[in-house]
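Just below sit the structures, each encoded as structure tokens.
Shared between the two complexes below is chain A, which has chain B as its partner in the first and chain C in the second.
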Partner chain A sequence: MYRYDEFDQRFVEERVAQFRDQARRRLSGALTEEEFRPLRLMNGLYLQLHAYMLRVAIPYGTLSSAQMRKLADISERHDRGYGHFTTRQNIQYNWIKLEETADILAELASVQMHAIQTSGNCIRNVTSDPFAGAAADEFEDPRPTGELIRQWSSLHPEFSFLPRKFKIAVTGSPNDRAAVKAHDIGLRMIRNEDGDLGYEVIVGGGLGRTPMIGKVIRGFLPKAELLPYLEAVMRVYNLHGRRDNKYKARIKILVHEMGEEPFRKEVEREYARLDVESLAAPAEEVERIQAYFAPPALENLPEESKAFERARTADPDFRIWAETNLHPHRAPGYTSVVISLKPVGGAPGDATAEQMRVAAEAADLWAFGELRVTHEQNLVLAHVKKDDLYPLYRKLAGAGLDSANRGLVTDIIACPGLDYCALATARSIPIAQRLTERFADPKRQRDIGPLSIKISGCINACGHHHIGHIGILGLDKAGAEFYQLTLGGDPTETAAIGERAGAGFSAEGVVDAIERLVDRYLEIREPSETFLQTYRRTGAESFKDALYAEAG
Partner chain B sequence: MPLLNEKGLQEEIWRELEDHEPIPLEGDVIVPQARLEEALAAPRTGRTGVALPNTIEAETLQPLFNRLSLITVEFPGFGDGRGFSIAKRLRGLGWRGELWADGRVIADQLAYLRACGFDSARIPEDLFARQPLEDWLAAAKTISAAYQTEERAPGVASILEQRKAARAARG
Partner chain C sequence: MAKAFVSSILTANDLREGWSVFLTRDGRWSRDWADLRVAASAEEGAELSALGAAEEAARHVVGAYLVEIDAEGRAKLRRERIRAEGPTHRADLRRADALTEAA
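Presenting the complex of A and B:
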């Protein structure tokens, strides 16, 4: 993974000193609260319902065991002993004091981390495939691109006061695990007919109040032209994006209102004006970054592992876990492991300091000291020998990290909701907790198969409900929480925005409603058909019928 | 209104045209965009500057570049970043004269303004009272080097060039 050189290190240290001075000037009155607000947001500090929240960047979701241990230490020293991994592959601390923030940023800098641009109207932390560099179906590691964009976008003089936040995601696999079509810019690494490497550039996707699937505005962009082209897109957005209404300020609205073709023309016109050569990343810099992402020293192993087979036969719980929580690795004898942060009754994405340390230790022992955070709010060990799976599993099980539910009905994404967030209109976490309790039976979960439930506690859609197979949106109706359902959403290469199912449900009724949906799916599915496939085949009617029949 | 950059306060030699004031034939004046044609048509001996709103298409001004000595770009609030891109466009189109950010920009933005091609910021008195010159001078140099290849403020080094130099030194 990437490691800072002396220049990266000095940069984050200067940034900490700058924040310290900004906080001092806020106290002295030199900066008003209005002026300080975007400055603290661009250092990840966000005022929530009960306290400040600090969002720490985990670029493209990759971190080292030493960094994970530091995150654990910070959660104990400055928070309540846990952290929350987010849908943007970051970690959030929910109980932070303003006066301790500069010290926390300094601690982060000591392990080559920062909170730069994890909030605010700027280019946010770049996200990517959690199995990057390991997945069997990948043809190019997207992380060097992510790192290049991280550096280019850090404290960008022109693009730090945009109309609204700006999110970029990159994938290097035909199977999109980074939801690139739901981002302001999504980059798909591809090869053209001549075999040259480049990007398909997708612009104007997003969730929130007005969910949209991104549009391809450049079918093939040569790899070397990435930064100049991004600059053209950003400039068109900065100049023409709406600033009169924050709910219409994202680039998806600009693309929608201008029209896809006029927007494309405007970007290409801007691009033609640029000095592409001087804006492009120098080749030696691209190579320098690339070298950090060289694959680890993997052994030549047979595909099958005897130790793994033995353990699978001996321990049925392990067998179940291994069925759900492994992801195919490109090297024989290796696999990627998903560490679920979705125990029954837990808050999705939360990890205690102890769990973070156990995950870090497991990474050191069996996964080259490296971890990933997924946008589904789980962790990943990317390169694990199948021979080592059983001891790894035992270690995880000892810390409550052995939930065998990756991609299943209890692998729920949820935003912090009204338990923490000032914007929320309803609670998310308790709904997730009750759903996981309702579907706790492992056999039942596996029978239901792949099914993603995503919960947002308000219309801003941080819980990605629009792209859940079943989406739950928590709203406030005359002082009471109620929950609207959407069906058929999909974050992958076959991206789709879920359709509203109809009238909402009370907090008490929503879990029963989901169960009726699931039962209907089980009734009408064809053999080996997933929930999404059944929904696409049959349409919404039979599911709506299951939801509302008894009310009629 | 104070005019400043990382070198300190700049002398205020330009006068801003009052509403409905006739175009003066002498002296350096800044005219609003709406009266630019009128000012350029007048037999003036002094220099002419133009005050642009941040909704301007920079290209429209290009034919007039050689008849202007100053362009100011409005910043209605520090959170409205359109002016940064307008400055980049003006410089890209070949504007080599003076360029000011005009409005409620804050000290922490000075390095960004300079990197995008502004020479100075002209800020309201009340803001200057709260954020005195030393805040601006200090803020301009807190971050000593930047990642971007093209845009950098004076005194801010290029991380990419520093890397290159370090590589060369290591042999």
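Presenting the complex of A and C:
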């Protein structure tokens, strides 16, 4: 994991002191709310529906057990004993006091964390594959790239006041688990014909009120040219991105309005003007960063584990969990473990202080003290010996962290919605709760197979509904919560924006409607076909017919 | 024609603690939706709004605004009911007397 050097540490501590003074001046009356608001937002402090909300950055979703324990402590000492892991691999606290915020930031700084650039029109936390450095299908660990971008973009003077917020995601695997095509910039590590590693650069993806899939503007960018090329993209956006209309200010609108080819030409023209050499990260700095992500000392193990096999036979609940919640590791005898934060009836992505501590302890005991947060709002232990899986599972089960549902119908993504968010138009969490209750039966879930439901409580789409196999968008219709469905969305390398299914449903009706969709899929699927495959084969009509049969 | 005034109460967030608060009949800010000062006319509404602005200037609260209520004295909008009663997804986060339909 990356460790702060003295400059990083001093910088973060200075920011804490600066914020402490800003908050003091706000409380003394030296700053009005109008003056203070942009300052607190630069430190991740929002005013939400109920209280202040603090969003803490978890760079590329990787954190140590000590950091996780600190997050648990903060939730207990300064909040109401829980936190919410988000689709951008961060954590949010919902009940923060302004007068305690500087202390919280100081506590975060003590474990090399902060809340800088988790809000505002700047480059936000870089997100990545939660199985980075472990996955069997990976070209290269994408996190050194994430860290390089983090250092380059932190307080970058030219890019601190962009037309709008800016989100970058990186994947090091051909199988995209970071939704890179739905980001302002998506980077896919690839190998060219000569076998050199570089990036495919995808620009102009995004969700929100105008969902778009990103466009490839550079098929192969040599690794060493990353920062200068990003600089060129950012400059074109900073200059031409719209500042007159908040809803048209994201880079996706610029790429769309300019056209893909003119945009690419503009970037290449800017790139040709740059002093690439001086903007590129020095090779020794890249190596320094890379060294922090050196793989842990893995043992040479046989692929099969007898202990694992025995436990699987002896404990059927463990067998079911192991079927869904493990991810293939590159090293024999190892696996990655998904800790689901999606219990039946729970709020997706919420974890109590106790659960955070148990996850941290499990990481210390069996996973080199390291954890990941996934954009699907779960946790991951990246490097676990198969021999250790059963005691790990038992520990997780003791804290309600043993939901066996990764990738299944109850592994729902949901934004906080109207239960917390000042912008929301409808609730998200209660819909997720009722859906997980409806589909609770493990056998039924496994029979349905891979199916992602994603719920947003307003058109800003924090719950990624456009790229859910089934997307749910909560709106307000004359005072009543009202839910529109989209079908066929896909966050992966075969990314697609879901299509509107038709008229929406009431809060009471939406769970039944989804059950009808799922039942229709089960009726018409071919052997071993997933929901998405069936949808793509048959088209929307056969599903619409099931959705609206009663109305006809 | 001007829209008819709907009876309203005054809400804001506590500046220091952040929690949503409501102005009571005796002029205190309370986390509880109980014994609230109600503006029943446009004039009283303007008075309450002015009081909110003064309370912001005095740095007691931030973001003061009027919330329309119904004949039973509850907030008309679901958003405002959730704000007053707490998130609906966990009973322990809600006020004991919360009426908004839970999940």
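Here, the second predicted complex is superposed on the first by the 541 of 552 C-alpha atoms of A that agree within 3 Å, B and C clash if a C-alpha of one lies under 4 Å from a C-alpha of the other, contacts with A are read in each partner's own complex, and residues count from 1 in each chain.
Definition applied: a contact is a pair of C-beta atoms (placed from the backbone, for glycine too) under 8 Å apart; a residue touches a chain by one contact, two chains touch by 3 or more.
This one's a predicted model, so the numbers in the text were calculated from it and none came from an experiment.
Q: Based on the superposition on chain A, does the combination of chain B and chain C result in a clash or a fit?
A: fit
Q: Determine, under the contact definition given at the top, whether A:Q151 touches first (chain B), second (chain C), both, or neither.
A: A:Q151 sits against chain B, while chain C stays out of touch.
Q: I'd like to know which partner A:D196 touches here: chain B for first, chain C for second, both or neither.
A: neither
Q: Considering only the touch criterion stated at the top, classify A:E257 as touching first (chain B), second (chain C), both, or neither.
A: neither
Q: According to the stated criteria, A:G29 is in contact with first (chain B), second (chain C), both, or neither; which is it?
A: both
Q: Of the two partner chains, chain B (first) and chain C (second), which one does A:R288 touch, if any: first, second, both, or neither?
A: In the superposition, A:R288 touches chain B alone.
Q: Name the chain, either chain B or chain C, that contacts more residues of chain A.
A: B
Q: Touching A:L98 in the superposition: chain B (first), chain C (second), both, neither?
A: second
Q: Which angle, in steps of 10°, is spanned at chain A by chain B and chain C when each chain is reduced to its C-alpha centre?
A: 80
Q: Counting only touches as set out at the top, which of chain B and chain C does A:D317 meet: first, second, both, neither?
A: neither
Q: May I ask you to decide whether A:R10 touches chain B, chain C, both, or neither, giving the answer as first, second, both or neither?
A: first
Q: To be precise, I mean the smallest distance between any C-alpha of chain B and any C-alpha of chain C in the superposed model; what is it in Å?
A: Comparing every C-alpha of chain B with every C-alpha of chain C, the smallest gap is 16 Å.
Q: Between chain B and chain C, which residues of chain A are contacted by each of them?
A: On chain A, the residues that contact chain B in one structure and chain C in the other are 29.
Q: Where on chain A does chain C make contact in their complex?
A: Within the complex, chain A touches chain C at residues 26-27, 29, 33, 47, 49-52, 80, 95-99, 347, 418-420, 424, 427, 429-430, 433-434, 476, 479, 481.
Q: Mind pulling up the chain A residues that touch chain B in the complex?
A: Listed in rising order, the residues of chain A that touch chain B are 5-8, 10-11, 14-15, 17-18, 21-22, 25, 29-32, 35, 38-39, 121, 151-152, 154-162, 227, 235, 238-239, 243, 273-275, 278-282, 284-285, 288.
Q: Can you list the chain C residues touching chain A in their complex?
A: That would be residues 13, 15-20, 56, 59, 62-63, 76-79, 82-83, 86-90, 93, 102-103 of chain C.
Q: Could you pull out which chain B residues touch chain A in their complex?
A: 78-82, 84-86, 88-89, 92, 106-109, 111-113, 115-116, 130-132, 135, 138-139, 142-153, 159-160, 162-164, 166-167
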